[in-house]
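Here come two complexes built around subunit A, the first alongside subunit B, the second alongside subunit C.
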Partner chain A sequence: MGEMEALRKEADNLKDQITEARKVVQDTTLQEAVAGTALVGRVQLKTRKTLRGHLAKIYAMHWGTDTKFCVSASQDGKLIVWDTLTTNKVNAIPLKSSWVMTCAYAPSGNMVACGGLDNMCSIYNLKGKDGNVKVMRELAAHTGYLSCCRFLSDSEIITSSGDCTCVLWDIETGTEKTIFAGHLGDCMSLAVSPDFKMFISGACDFTAKLWDIREATCRQTFSGHESDINAIGFFPNGNAVITGSDDATCKLYDLRADQELVTYQDSGIMCGVTSLAPSLSGRLLLAGYDDFNVNIWDMLKAERVGVLAGHDNRVSCIGVSSDGMACCTGSWDSFLKIWN
Partner chain B sequence: MEMIEEIVTRIQDETEGVPIRTVKSFLTKIPSVVTGADIVQWLMKNLAIEDPAEAMHIGSLIAAQGYLFPISDHVLSLKDDGSFYRFQAPYFWLSNCWEPENTDYAIYLCKRTMQNKTRLELADYEAENLARLQRAFARKWEFIFMQAEAQVKIDRKKDRIERKILDSQERAFWDVHRPVPGCVNTTEMDIRKCRRMKNPQRVKKSVYGLIEEVQSQSPVHTPSQIARKGTKEDMEKEIVFLNSQLDRHCMKVSKVAESLMSYTEQYQEYDPFVVSPEPSNPWTSDDLSFWDLEASKDPSQRRVRKWGFSLEEALKDPAGRDQFLKFLESEFSSENLQFWLAVQDLKRQPLENVAERAQEIWTEFLAEGAPSSINLDSHSYERTSTNLKDPGRYSYEDAQDHIYKLMKSDSYTRYLRSNAYQELLMMKPETEQQQGRRTSLEKFTRSVGKSLTGKRLTGLMQSS
Partner chain C sequence: MEDLDLPQMKREVESLQYQLAISREKSSITVTELVKWIEGCVCDDPFLNPELMRANPWVEKGKCVIL
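Coming up: the complex of A and B.
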């Protein structure tokens, strides 16, 4: 086993060098840099709408780009497209498998996707000719549950899975275009960069990885969390990544400095983070926790500036509309709430 | 869970914890209790919490998971008053990964009926549960009954006070795992995590020490994922990756922090959670005019200002894109943007159209003597021409990046300084007067530009 030992030593040596290189550029910390900035005032958002209709735990939701529609997935086996302003259900799509864990809205508004314990990503066409919503494609190849999916366009979608890989699919042909392998634990979540050229994934190996979609390579890996990363998102300018973990903290990693800038934690928070979303400017971070609350953080000063309490069970998903006007939370209590 | 258990251990500490005592009540003593108010106070002091509501939140969380419980209620909540609470025995803590089977629950309910004490009578929902279990376990009820009897015998041997405490703890355990209808079941797990619990073999432990064959109805009963062990190949791949990481140029944290700060500052006024939107937030006022303004072809000053943040922002807004295009036409350099837009459109085409469209773009923008010839460096030109041998949606990725960078550094910066943009920026809400003041030169150049580029490209571009 001498060879493995030597390889391990080499890897450790390189890791030390990388840590050193990161320290070298650490001429300050984010805390110091923002010392002169005023804390954003107390943020108080109220529930404006409650979307009722699901009969079981809601596992996921995603806003459409038009800022008024969103889609939600629940273990009652339904995918519901909501007009959040009127609270009407635009579509209620019955699913083949009720063990759904994720859903996504295509940027064009023409399709939605979902998947879960069936290991597949099912694409539904919302704008079918006869008005009925039907399955358009079933993307099957993963050997583990589908944890997250995000459309790049009407022809491409990226999925993350419990089989530790992420995959880029061509929807038209229903085939895998690229497999992104490298994580050593279930991939729990993914997010696409604002310019659609990269995506990030968070996994149960406690790391987040940045992937180049066209080059099909892993560009960077970020570690530091002490438990599963359940939620991940890009800072609005695309230069930083936010992660949320079972270790009850969220972290901000910068892509260009290649390191963690700050950790969002509080001695009063003892539950894992299930979901997160930045506000439009990136100044605020809204994160959903296992303890039924959403905490609002000032992302620069790393302090809590608000709490959204209103759900009677775990907050499982959260999203901010693309114009930043509204935040939607979904919970195991079967309700979705719109806040602002 | 660990954090909570650490707090629960600290709070019971003899010197630093809450006062746990025996309270004398009418005819009886209530052993080992503490008031809700004491708990809340301790939490505030020891976790440095200023807001009592937050302490209540944490206390309720601890109660909901059964680490402390009200002595006279099945519902696991905490009140900030003089009502009494008891702490759960570590044996019953959630970290022991209990997944108690219905057989255990049946034994428990059965033994409760054997104890002739009114205060241990079954609640309605418990009686219903027992009836259901009797039907479900009809065949082995004799066994369950015997186990219950055995448990009662064991219990009788214990000291009276000790029994009071143990009985309540046992009840609280079942309140967690078989909650009162309507209460949240805090033991429910995210099905994605089920397979990876601390108890991977899922050996079922019986609360009453029974050894039994267990049938699980969970749908997650798939063979556990074999943990990926590092192979030599994995290590070599990792080393290659680490080497590439070492080569990367890291930007200074100060610069990066600066850029984050300026971004948030710039966009803060557009962030409805930080600054209230004008004229009003449609969600609160039910007035949709904000959205109408955002969508209108006649942009407000606010929107125009945003176009100056970056080329991305200018192109994101349809009005911004139109204005920028008009400017480029006036400079006779609109082919760059036309090319960029055509490639964006190509990426959205269904597969069957891709090859044809790709060819059209080549003919229009890149071929020898192309009508809207764009300026591409020879390297990108060669790569693109190679890509087109097998045309796909991303054949022009390289070229598009190059042209984008060109527009960004050259035309876009000039656009921001141009009269056209500046005037829109200075525009006051009353629009009519302003539009009349456009310079005649501008009007002339715009009309000339239009006639030159007008028709040729309409076939290539979808209307946006």
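Coming up: the complex of A and C.
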């Protein structure tokens, strides 16, 4: 038997053992645990603000931490930082490359980042002298498009790419600190755990991976989806992972027991999930779809309890503010909406 | 898996060995605690507790003002 063949056999064997280990600890299901829980009442959120200003499809948005500001990225070649309360544009940053696919707000509020088909992650300093927003760093090393980026701090950022890897960067030096390789398809999305020790990535190999940032290892791999995973997020307490896929479903995975808990699906929904965000308590899951809507799910009972209809094109991004008071949606119709 | 070369395949096997070795807790504990955590936070969730939305910063208070 060739070495390659032997390794393949070993890999299959290990996967079977992991499946067995998961079965061993599965002594209950979420459905059983919430059999006596009442369904949450119908959730109706209204559009409170519409943020107008982008001239083309919006691909990404990200709330600032502990703030009512958010940043959005559009293929009109602009990053806009919005004061969502007044709808004023705090900053309108012109980009070198208009093919932007992601943006992020640093927890400190001092920086924003973006990237896309230029394969780079560009970091902008919002608090520069004389109020000018300039490119601070261009992080270049990925050999594929930048699909997502998230700051750990003002000095570190994690990126995911169409080259199938995720990278931890030192912003100061502009260099790669750690490369997280293992996915067999384009990495589409990433999310950082509430304690900043782990991150999760969703990819076109239909799996989600949990990575230990400092150990630089993949701790867990979650399968089950039947198509690309476009969106991923941590459950608010960091103990579970939520994924959204082109297979029209969202799934919840339990990190501690290492298993899939539930699938959020409806025979009436046949289009892909583009984005997702849990509410503050994790009881609700807000997910954006290709059919222009956002569906609100009761995460425990796995039933739809609301819809946000108002965009005239695909909802490409969604986020819930850090105090849980508002949800922001961004769409290919070029508008962002604030709902609560 | 067919697309991997030898070094990548070796890393995949190493990774799987690591992933197999992580400790797994029983669902009866983890799921119960997850449900309890959510139920404990629902009253602080503005989307589920209308009391918290009374002072909604995104809603205009009062009537129009002549500048």
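Everything that follows uses one rule, which is that the second predicted complex is superposed on the first by the 337 of 340 C-alpha atoms of A that agree within 3 Å, B and C clash if a C-alpha of one lies under 4 Å from a C-alpha of the other, contacts with A are read in each partner's own complex, and residues count from 1 in each chain.
Here, a contact is a pair of C-beta atoms (placed from the backbone, for glycine too) under 8 Å apart; a residue touches a chain by one contact, two chains touch by 3 or more.
All values reported here derive from a predicted model rather than from experimental measurement.
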item: Simultaneous placement of subunit C and subunit B on subunit A, clash or fit; value: clash
item: Partner chain in contact with A:A56 - subunit B first, subunit C second, else both or neither; value: neither
item: Partner chain(s) touched by A:D228 [first = subunit B, second = subunit C, both, neither]; value: first
item: Which of subunit B and subunit C A:A216 touches, first, second, both or neither; value: neither
item: Which of subunit B and subunit C A:M101 touches, first, second, both or neither; value: first
item: Touch count on subunit A, higher of subunit B and subunit C; value: B
item: Partner chain(s) touched by A:L184 [first = subunit B, second = subunit C, both, neither]; value: both
item: Partner chain(s) touched by A:T29 [first = subunit B, second = subunit C, both, neither]; value: both
item: Residues of subunit A contacting subunit B in one complex and subunit C in the other; value: 3-4, 7-8, 10-11, 14-15, 17-18, 21-22, 24-30, 33-34, 37, 40, 43, 45, 48-49, 85, 184, 218, 220-221, 235-237, 239-240, 254, 256-259, 261, 279-284, 299-300, 323-327, 338, 340
item: Subunit A-touching residues of subunit B, taken from the complex the two chains share; value: 3-4, 7, 47-49, 54, 57-58, 61, 184, 188, 191-193, 196, 219-220, 225, 228, 232, 235-236, 238-239, 241-243, 245-246, 248, 250-254, 256-261, 263-264, 266-268, 270-274, 277, 281-284, 291, 294, 312, 347-348, 350-351, 393-394, 397
item: Subunit B contact footprint on subunit A (complex, rising order); value: 3-4, 7-8, 10-11, 14-15, 17-18, 21-22, 24-30, 33-34, 37, 40, 43, 45, 48-49, 67, 85, 99, 101, 108, 117, 144-145, 147, 153-155, 162-164, 170, 172-173, 184, 186, 188, 194-195, 204, 214, 218, 220-221, 228, 235-237, 239-240, 248, 254, 256-259, 261, 267-268, 270-271, 279-284, 291, 293, 299-300, 309, 312-313, 323-327, 332-333, 338, 340
item: Residue numbers on subunit A that touch subunit C, as the complex places them; value: 3-4, 7-8, 10-11, 14-15, 17-18, 21-22, 24-30, 33-34, 37, 40, 43, 45, 48-49, 68, 84-85, 181-182, 184, 217-221, 235-237, 239-240, 254, 256-259, 261, 279-284, 299-300, 323-327, 338, 340
item: Complex contact set, residues of subunit C against subunit A; value: 1, 3-4, 6, 9-13, 15-20, 22, 24-35, 37-39, 41-42, 44-48, 52-53, 56-59
